[in-house]
């Protein structure tokens, strides 16, 4: 089984940003993404999930390194200053490199 | 001045449980479900009544209400600036207080029922009309019409927010179907109204309890604002009610709307349009200070004020 | 021909909100909760009535209904093939249309109440009987009895799907308890039926709106199918109703069942048994085209047709 | 001895669906919602009645009830040890059976309604009083007062668990508001009580079905315990009822409380305080064996026993 | 603290497949797994979570490399053609290698 | 774009432990965490999510390696014996090392 390396970009941020982030992903060329609901705590305080406007989302995108870096800089530029957000990158192995 | 409506005891229960760090937590789906029913029920109740009403007569009152929605945040903003808040925060809080809280309105409806006061049937329409204008004023105050704001998208987002859609949708459905048409769905939307409101208030108490520490952390000004702004705004609401010649019940409702602060539409819009404003400030004020103040003390107070209004 | 039941206005609200890309979204738990109540209520309503009925007399009608459930997909399949659909897709859509939509049935029940038409008490039994056979026909049409299909497991999965279990469970409970036994639970299951149906339709409108673009993307054939197949199938339903000697109300319900397309049991089963069929095609047709067609135009049309049935 | 309350048929439906590995699953939010309503309703029902009662008279009976809550686990523990269970498991199961199941109590209330038996209004207070003491006895039995246990935090956790907060909160709200004050919220909490209980039991059946295999896996002793302990404990409950001079209905309720085993408060507390106890053992016994035994056979049996109590 | 390297296999796919995937895991010898509900978008279009039949699940299995590869090929063979599915592999460090 | 390496610690365990774990994180010095609800299976049997007391949570903490190891040993010591729990560590790249 030959595996191919891609980047996995994970973003944890405010649930209210979902629509805008998905729009960004589309415009910057991501071909897929996965979102789960999350709660948590960070520099901007606690974010509980029990009320619609206070939860987090956890967004994952698998893509080529170059796109992952473009997405990361885009998010940093547009959201780091004003929104609760963290992001991190990892290497992952995939079976169908043409998909990502 | 009427007695305490027992429905607010549920808010106290939620608040107490939250402050005691109880394990009690409601899943977000329960909050969504009860607020869906409340919003649709309030809308339909208004719509059913509108069906029996000449709509033309409402035009003038509607314009007055919108004017009030523009005026309130414009008056709040300079006071908040004087209080030392940064421009963005002052604008955001002004938007919250110019807009309205449907939960507070529901408690006021329940209060009027409790004390046996009638009110004009078109009040739910005013809830919708008051929800939006202050939000735009708030954004203008923060941005000064800067090009960074994407007004088109923002307008869409505000007008298509959950509460506007459900209130307006309920209004239209009630208006089209009329009292006979809605007969079958009475059971869920009207007979259960107060019970559903009780669960809603329990959840609001739990949520508010988590924001209560903010009331202390953010200093005495926010606390003072959250307690003093509502009665002042209620006076303005009573003034507009007098202009429109509303009944005492209608005046109490309009005063309550003026005095109430949004915690659904405004926070979402401000987070998008004025992201540099600190959402903790405005949520603490509207949810943890003003909301309980209004449901426990404000509504009976506005009732008392309406009864003592000069020439009222 | 009767008036529009106001409950369908909620579908329009959901559809409009969805098309306008409103923020309004209901959590899946709310959908689950309201459909749970609808399925149990329909089942129990039927069961309570069956309790007062000689069951033997139903055997013949039940066999006829099952026959109809086998016939409908067999007739639909060649037409869909002629329309240019691949074998798997044609078979899957045939299964969806041969099976039934409980939501459509609920709207038809509400419609009959609205226009004041009685119906035979055993109709909910027919919903259960119609749900399953077409699914097996569809799988046979796609597979040709190929060994790849794990029939045992599949049968278990279909018979133990949520809607069959709740309908059948409700039937049994109603049948065992009888009208007196169920007296206490009337409040939730019967008095709230229409209100719960309203929320269900709101959600269906939201979901359908997301599938509406598929109706255009997949070409005019799918659109034509979704609009024309229902009335044709309704005629077959009316034919069977005549064979059984059903009342006008019963005939309207059987026609509606024939005309309605499954969006719960069939999609799940087809995804498992005929995975190469494109689920977007069948969901778009049944949910975004046929469901709204039936609740707005179909049901009153089938009522009109039942009134004008030769010798009816 | 009364007839079977149809509401328990929903438990059978859930159990059957679960055992047949049906796709039927309710989202946790639905379980939360219905148990929220049940707990508040039971609490309020009791509170409303207490409002019309001299509270002082209850003090003696309340102490007796707490005594029973301490006694039951102390009696259960040695028997469980003799049965071969490790210390921690015996202590944990003793705590479960000394504490109470609100779901079982709700079925007993519904049963009394069905057979037309009155009961003392203060019984919901006893539910709260019985919930907690056995848990502490269980922890003592497992720990022997070891310093590893953080008693302060634990007490807070137990007293602020969901069921205690909602029952007690409901009691207080009912007590403050009185029957008139709660008039408006009757619709949701009282008229729907049985329907909501039906959905709760459906879910309990589904959950219990998943624990049923444990009943066999853990050997005949657990099975015997789950079936024999309840009637024995019911006798003790009837003894205390006689001491207090309760009516037949009240005696049935107290016997049911004694016989029922906790599956909310006790499991959570034991998991924290006695983590080495196997939670599968106690949950299987209380949920999959004793709960169905009580609602199907136990309650009518305790009714029969109350009727035949010497001098009763 | 000595850590041991294992593979983490993550699969994102249609919620309706859960029962079958769990059955596969059992038969192929996995000793544990974790599932969360998710939504997302990929080549087979958008998968919202607001209706029971349209959501995704996100399945994680930690195991030895050989089993991870067997699981990956099994899933590729049986589901890639007809179902919305992606999978990817990563190295992770664990404390108790005997558990995985 | 300069990235910095940090550790991602992921814990899957019983939902009932949430409050205690968060307390532990706070006391041991973690500056943020993310939690999602999960279900799964492991050595201690199946953990379904459909009842409040039987679900799992999936907790993620990004931090310096030393803290990650301290957290891991703390959890191992206090919970491994009596609770359903697994944990694993990975390297991740982040943009703002001072945050973690």
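Per-chain numbering from 1; labels A, B, C, D, E and F assigned in written order.
Note that in this section a residue touches a chain if its C-beta (ideal position, glycine included) is under 8 Å from a C-beta of that chain, and two chains touch if they have at least 3 such contacts.
These figures come from a predicted structure and were not determined experimentally.
When the partners of subunit C are compared with those of subunit E, no chain appears in both lists. Steps from subunit D to subunit F, minimised over paths through touching chains, total 1. Chain pair with the larger contact count among B-C and A-E is B-C, by C-beta pairs in contact.
Our note on geometry: subunit C versus subunit D, Cα centroid distance of 41 Å, whole angstroms. Centre-to-centre separation between subunit E and subunit F, using Cα means, comes to 19 Å.
We define each chain's centre as the mean of its Cα atoms; on that basis subunit A and subunit B are separated by 35 Å. Annotation for subunit C: residues 25-29, 32-33, 191-192, 268 touch two or more other chains. The residues of subunit F that reach two or more other chains are 36-37, 90, listed in rising order. Listed by label, the pairs of touching chains are A-B, A-E, A-F, B-C, B-D, C-D, C-E, D-F, E-F. Partner subunit D is touched in their complex by these residues of subunit F: 14, 16, 20, 45-46, 48-53, 55, 81-83. Considering their complex, residues 10, 12, 36-43, 56, 58, 69, 72-73, 76, 80, 86-90 of subunit E touch subunit A.
Considering their complex, residues 6-7, 9-10, 13, 16-17, 20-30, 33, 110, 113-114, 191-196, 198-199 of subunit B touch subunit D. Those residues of subunit D whose C-beta lies close enough to touch subunit F in the complex are 25-28, 31-32, 203, 206-207, 210, 264, 267-268, 271-272, 275-276, 280.
Note for the complex: subunit A touches subunit E at residues 1, 3, 6, 8, 22, 31-37, 62, 90-96, 99.
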